[in-house]
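Everything on this sheet refers to the single structure shown next.
Each chain gets a letter, A, B and C, in the order it is written, and its residues are counted from 1.
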Amino acid sequence: MKIKNFFNNLFSYTPPNHYEFSIIDSTSTKNSSSFDTISEENDTKIYPSLSVNLEYMKTKYNVLINSDIILREFTLNARGKQYNAFIFYIDGMIDSEIMDKFILEPLMLRNKNNTFDGSQNKVISEAVANNITVRKVKKFDLASYVMNCLMPQNSVEQVSEFKKAISGINSGNCALFIDTLNIAFDIEVKGFKQRSVDKPENEIVIKGPHEAFVENIRTNTSLIRRIVNNENLIIENIEIGDITRTKCGLVYINNLTNSDLVAEVKYRLNNLSIDSLLSSGQLEQLISNSNDLGVPQILSTERPDRTSHYLLEGRVVVLVNGSPYALIMPAILKDFLASPDDKNMKTLFANFIKGIRLLATLITILLPGLYISICNFHQELLPTELLYSILSFRETVPFPMILEILLLEISFELIREAGLRVPSPIGPTISIVGALVLGQAAVSAGIVSPILIIVVAITGIASFAIPDYSFGFHIRIFRFLFLFLGYVAGFFGIGIGILVYLSFLVEIKSFGVPYTASIAPFENVPGSSYYLPPIWKREYRSSFVNPQKVKKQDKISMQWKLH
Amino acid sequence: MANSKITVPEAIALVLTVFVAHSIISMPQDILATTKSSTLINLTYVAVIALLIGILIYKLIKNFPSCDIIDISEYLGGKVFKTIIGFIFMFYFIFSSSVIIRNFSEGLKEIFYPMTNIVFILLAFAITCCITNRFEFSTNIKVNLILMPIILISILFLFTSNIQNFSLRRVLPILGDGIYSTFITGLGNLGAFGGIVILYFLPPFLKEPEKLKKITIASIFIGTVYLFLCVGTLLFMFSYLDQIEELLPLYSASRYIEFGTFLQRLESVFLLIWVLEIACYLSIFTKLSSLILKKMCNCNDSRPFAYITSVLVFSISVLPANNAIAGLMESMVYKYLVFAIVFFLGISILLLANIKKRRTLNVSNK
Amino acid sequence: MSQISNILKKIFILIIIIVFMIGFSYSYKALSIDNVAFLIALGIDSSDNNNYQFTFQFTKPISSGESGSSEAPPSIDYIVNASSIGSGINLLNAHIGKEINLSHCKLVVISEELARKGIYKEIYTLTNDIELRPSSNIVISKCSANYYITNSKPVFENLLPNYYETFPNSSEFTGYNVKTNIGDFFDSLVCTSREPYAILGGINSESANASTSINSQKDVNEKANSSPVEGNVNSDNSGMAVFKNDVLVGELNSLETLCFLTVQNKVDHFLISVPNPDEKNAYVDIYMTPDIAPKIDVKIVNGTPYIKVKLKFEGNIYSVAKNTNYLDNSILNKLSENCNSYLESNISNCLYKTSKNFKSDINGFGFYARDDFLTLNDYKNYNWNYKYKDAVFDITVESNVKSSFLLNQT
């Protein structure tokens, strides 16, 4: 029976159990005018009725799903009368001490100012005619009373349109709405954390900002909010892990990102039955489609400007409390070879550097394999002088070439790993001295040939030029596969290896998007290829994420040139 | 699924794969042997005929939207006829793949791996084919699209770097062996346009089916330019190809490339590129056979058939006893198969189906 | 069950890897760079009983650790007597520990004696060889191939293969020797419109002259047995060897080689000595550069080929005398006419020598003759190679001596 079962299982057909998801082209909502910016609608005036204002603000900010918007309703005392009021602010952007002491306290608690009896009216002028006395009395103006007498706050402004109130809230102020008044107060209470954030450790750029995420999720969200600066930025709160209930934030721009993509990410996040989630690296592995080949399918970054750039392209970001890395999804092959500095430089320089990076990737993965296959099978490719140099250097080396190259590659990996753990004051010195001395001594002792040291050193340096750490790691591992193939079967083996590797890469889907998205299938949108076009040509967002708003720049974005 | 539809560049690259794969082996040499120095005139003439055939196929097949030739043959003659036609096309695909890899492996073995048994090289190809067929069809097509520009550039490079060795006078006398040989016997060179067979299977996969005409014209045009480059390289460089048969003639042309004393003997680089192309061709044709099998057996997944087709390809490629028989199969048998199956059989099925459809429409109108 | 199938999958993959390592192992063991000796020159002489005497030349790499030494590495020569190239290589393989590889062979030397008997077998075998480069130079040596190879020493180059690769380059700027390789030789051998030719070589100290006079008028008394150049030169490669099919039928000296190369448009600039119109018995050196490609026209008139060649040159005066104005039109015109007559007579002599004496169309005029035929059959029936001996040549040279270089008037 067991043998029969065994053969049954060996030759039977099992349907594929890979998870299928694709982002559907949501054409119905693709309408450029559907993007509801404040500037497009008519300037709505603030209503005198508090409940109407409350409903308006709640809808505008999607308070039900937005987790860091705070609405505080209270009763305001003025001149002995009580009015309903509420203040509206974003958590993490304000200084709560100021808010409590200088806004809520004077308005809510009874004090000399607000218990003043308002029954005595101030008489402006009096006129008597025909035994009738007519007095002109100054009417009680609540707005100016609150502004002038009740709020000891250094910067208060009266606004009569929602547009101004909302922009104040977005920048870190709070807005005070009072019943019966058709104005609101825009009060300065900014208190978000600034610059205790540090420089990024691993993603250093020349021309961009030097802020990086920190461990606290509120600080991270405030960093993103300040850059995006728009009320349609949604940050949903999701808790993951049965024991730790780690707070994670799902960030996206409401009317821009494809809703299927958001739903899919939310579905995956909500359906993880694990005990604890301690870092974003763990989460990355838990929600990736497949872990074939170790290819990273989610981009992780510690820079808020890079995160905001991808948010504005229509992607979804997940922040994990306790981890300074944001996860960006979906991520395709060309994202892992892009640096955050590319858009800050002129196009010519950016494309040159991109070409260098592509070359570096090819060198890292192919150079050792090509070298050994040329020396083993295709010596006619070498110029004669180089051939004789290699022969003369190999005279003294006792090992066969494959062993020599493996020895050097593994020593290089050892040095790299050891360099991470050496105590910092002597770290750089040791690695330089170690590399130099080791290389020199090995050549003098006749253990390895100098040409091979150059090959391995160039491969190592090229691997450092790859911007993304996980992608670089993946490439470093696969160069051993090509080394083996080159040794066994020369260029034929390498050709077969390239084809199979490329097929695997093309097959992978990151959140429904093919991994080699803009290259194959070929997308004819300027700005979607690997190389950047000039800034005035970057009109469209990439179509593989199917955003709701495709155009991001007018045809003539530099309007000043027209006049 | 939306993701597995083919766009226009991918479809063009699919058709071009066939041109490229056969021209690496011995197609240009066969063309030159048939028409000698009047090859360029003959190629123009044959290309025009191939274009007309392509347009005819488009006009006939567009009456059956999203149907490939297997579906049309089912419409024409029921399930039995569909099975027969399916087997014929499957045989054609597997045979041409086996012949290609056999001839290429012979070349590889003679030139680069003289001490390896050819079975291992064929086994490597068969295993690659098996692995790539386990992916979806769209994956194979996308890989093909990524590799096609590299291959086209390589042949352009081969042509331009050999210009110093060209002698343009080898094109004279202009009529070669005579008018009869150029225009009548030279019709045999239509066998170079076997890539048209892909057009029979494209319609269900296309994202924009109305672009089939554009795909037909563009692919035949680019294929002709490519053939011109290959044949031109050989015609202008060697004056003896009509008398002497060479193994992999394009390889011989690549041995002459020289840039000073530094860059010489670049033929190994060409080998790398050609291995990629042949393996791509193999994976696409065997995937097409798997898809035909899937249609015939009414399954919903073509992946298990990958094992069957790769075993078949391997066993047929091991069959020829020596290089001579393998070469004969490529130069003679393949050409006749193209005429019989691609042109004659395919077009007749389409014609008969169109006639049947028109009759049923007339009957229903009455 | 799925665990077993996983383990089985892994075992299967391991088996495939092992199978491939075994299958390809002969190749990577045998072809590895450590197990191969690279031949750099091959010499073929004829020996008794229809056998050959092969000379195989290798060079040893300088085994220095870090810096290259300035001495030339030694060359290692072997002589093998065998009945064919393949068996010769095989015999040598049995004696040295490494396998011989021809992929860096830059020179093939065939002795004159063997060439006169016919060398089609050797050429076909060498072209059939996968490793041999089609760009290897082919030399017909007036001495034995063995003597030529063992006495060739590079002077300005460190490595012998570099010397073998670059020594014919002087044909582009002097025109006194040709640059041809085995691929071209094979192509001309098989082609019906052209005959092959090869580099003519010899060793300086050899009594049989490797080169004859260079400037016939001036150096006619210096037609010595040895080359006019003495010093550190070992091998002397002036002139060219002319073949009809695969048999050596004659040689052209340096001046005739120059004429041949001008018709082929393969020389960038060259120096000629023409009589000075002002002084008697004095000569002026003029540096000539081809202006446009030669116009060659071949017509079949009454069954015989009538070949018309039009050449156009520009000249600059190199040797400058006292009290001469080189901007004077009359002087320049006279010089131009002298150049024309000099070149016309020499080119005509050279072409008639190839057609009447050697009966061999090394210039490839057969390609131009194809214009007159519609089909290949007509051309084949005409039998160009036979009819070439009756060819009539009409050479026209137009030279325009413009000025001298820096000094225009003395």
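Throughout what follows, a residue touches a chain if its C-beta (ideal position, glycine included) is under 8 Å from a C-beta of that chain, and two chains touch if they have at least 3 such contacts.
Values in this document were obtained by computation on a predicted structure and should not be read as measured data.
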Identity of the most central chain, Cα criterion: B
Dominant chain pairing [most C-beta pairs in contact]: A-B
Centroid distance [mean C-alpha coordinates] between chain B and chain A, Å: 46
Intercentroid distance (Cα basis), chain C paired with chain A, Å: 66
Separation of mean Cα positions, chain C and chain B [Å, integer]: 41
Sequence positions of chain C contacting 2 or more other chains: 20, 24, 27, 103, 133, 162, 165
Residue list for chain B, restricted to those that touch at least two other chains: 112-113, 124, 261, 264-265
Chain A: positions in contact with at least two other chains: 377, 380, 384, 489-490, 493
Residues of chain A that touch chain B when the two form their complex: 13, 15-16, 20, 22, 24-25, 374, 377-378, 380-381, 383-384, 489-496, 498-500, 502-503, 506-507, 509, 512, 514, 516, 519-522
Chain A-touching residues of chain C, taken from the complex the two chains share: 1-2, 4-5, 8, 20-21, 24, 27-28, 31-34, 36, 38, 59, 61-66, 68, 73, 101, 103-104, 106, 131, 133, 159, 161-162, 165
Residue ranges of chain C touching chain B (in the complex, touch as defined): 16, 19-20, 23-24, 26-27, 30, 103, 130, 133-135, 162, 165-166, 183, 187, 190-194, 364, 367-368, 370-371, 373-379
Chain C-facing residues of chain A, complex: 5-6, 9-10, 375-377, 379-380, 384-385, 387-392, 394-396, 400-401, 443-444, 446, 450, 487-490, 493
Contacting residues of chain B [partner chain C, same complex]: 36-37, 110-117, 119-120, 123-124, 127, 167, 169-170, 172-178, 238-240, 243-244, 255-256, 258, 261, 264-265
